[in-house]
């Protein structure tokens, strides 16, 4: 009986994660942040599994059949996105992460390329920074790591891990990172928090780009 | 009986103010002016009470349960926004204010930061200035005060009061102020007027930023 | 009988013009071209009358009661917009004009201010110019007159008349004009043509501003 | 019987192509990429026929009656768009093309004019390039040809053919080309692929323009 209840619970968790992924894709598509079937979205079902968008679908028209149930310790399923390893690696390293959303939004994509040489974007002086978990003042220095783009996503995942492991204490590590000329990965403990982080980061990058047009 | 009628009237005023706050949040969210649960919205119920959004909710999906009924002379209610003191102070000082809307809209947020050192944005030469109460010509000089951002909102509220009290007669004081890198507070005698002021100010700041890109 | 039929026809023309004005306001509002109750819209009913938006209403939420039936040879009706004289003067001078739409759209408002000293914006080299009646090639030079803004709209209407009367043959006169820091007036023989001209001109000004950011 | 089935199949293909053209116009209109009745859209029905929008209609409100069934080897039908020859020429030269979408989107229109002298836009370093068929890395150099605008579309079609025939092997030829100050033609093997290419190219041009504002 316990098993039956447990399985039912698992089924609910799975359906819930799938629904969150579909909703996140739809919201991002409405903002034009995932043009031309780009972007990918995932949510943790439990300690060992995630729900993640498959490769090559319009994220504004996701169906449940477009969402893969990927065990974290198994090989990637057929039809997986080329970027699935970046999701899997983050869920492995950070058990507290509950959802990861990746978009090709314009401000993130462009600021990442402008900041590739420096390897990071520092956010400072914006009230909206406080939408990022753990940030309590606009005076905080929030560092968003920027990585050179790389088609080998296993290699890229390792670089991301190394960078976050070595993160200094002088700045607050943002719940996200940038890939130069590519876009933004943002995450949170829950899908709602990941969505808040995604929305805050793209708005902050947009503020930053607009501000920089007037400041040499 | 009079009391009963009075209470009924109060109930209607309260429900009306709550509905106005919900509508204002929805409109601002549709414009992407309150990203990541930022912003807050309030409307006066009567001389002693306001309806105001609680902390940390998506302003595009407000429910009546997300709106607090805050007495102006009582301590802030649990779940109040950190910025509730800025609302309360304005309602106290200016009995004619009927609604206050605060957003993190992009033009306001960026122009405020660009103008922080100067302490104000002067609007002049735009026909749309006439959407601000009391402004009858594009030739008016309209001053929107800019304050440095500050996490202690009681302190900030006092600075705002002092500034408006000392306002000179050579310029028209706008129905709003800016917080550097933070956003815009706009108000009006009614929710409709506050909404008009909010929309006019963000459009004016957008015109101004666009114009400044071409004028050294 | 003839009279009855004639009156019915008039009633239909009036209802039709009112519906066109409401639709034009709604479309402009959806584009955020009439912020804070700005803008005004009119359509000709017959040789002697127009339907025109009254002052101070949200153009995205127009009702039939917000539209005035203004005889062209009578004094302005109560609640008329301050800019009604600009509409009336154009209908008087140009019997072929069937509709006039005025907006505070961002590209028009800003480019008008940048071009105030020169007194005109020349459009040249854009395919979309061909959406303007009588323009058959991107090689045409289309001149959009720019007038300094002016609160006395009777005076302004006279300036507009004089300018169009004196229009040279070397350029194509656009079906619209700009007011510096104010916005755009566009017209057409029908409401559909006026809408097409409005949409084309704002897009052309947006192209032009974007292009100028890269060309000294 | 076979004939009957075959005819039914043809009818289905035709209805399907018409529906795809209508959907493409609606999507482009929602993005404001076809202002003032500009743009045109076509889909191949079979080896000898295409469905194509007629001249002068609002692409956001297409009806089946606005779509012409044009044989590729017959003279252009009455009411054809002036740009129909550009579509017909591409379908003739490239049997694999299944749909062609042409828009006056802002980034494409402006970047084309900026790049007219150089005759091409090179895309390099953007992950979104991978949304273009055959591009497998952001390191690819993707060349989008730019042609001077020209009202004689038969002449223009010949230039386009010549350019693609002579295309070098050092860069990947994009599934589209630009007309200076005019807009973008994009195509694909299917309507879905053409839509993906259109959306990717406009986003890439927008990234590129935004990036160039910060890089001398």
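We just call them A, B, C and D in the order they show up, numbering each chain from 1.
Throughout what follows, contacts are C-beta pairs under 8 Å (C-beta built on N, C-alpha and C of every residue); 3 or more make two chains touch, one makes a residue touch a chain.
Since the structure is predicted, the reported quantities are computational estimates derived from the model, not experimental observations.
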{"item": "Each chain counted as touching chain A and chain D at once", "value": "none"}
{"item": "Fitting chain C to chain D on CA atoms, where both chains share a sequence, rotation angle to nearest 5 degrees", "value": "90"}
{"item": "Chain C against chain B, contact positions shared by both copies (same if over half, else different)", "value": "different"}
{"item": "Separation of mean Cα positions, chain B and chain A [Å, integer]", "value": "33"}
{"item": "Inter-chain centre distance, chain A versus chain C - centres from mean C-alpha coordinates, in Å", "value": "46"}
{"item": "Touching two or more other chains - residue numbers and ranges from chain D", "value": "213"}
{"item": "Chain contact topology (line, ring, star, complete or other)", "value": "ring"}
{"item": "Residues on chain C engaged by chain B in the complex (per definition of touch)", "value": "32, 35-38, 104, 106, 109-110, 113-114, 149, 151, 179-183, 209, 212-213"}
{"item": "Contact footprint of chain B on chain A as seen in their complex", "value": "31, 125-128, 131, 136-139, 196-197, 199-200, 202-203, 206-207, 210-211, 213-215"}
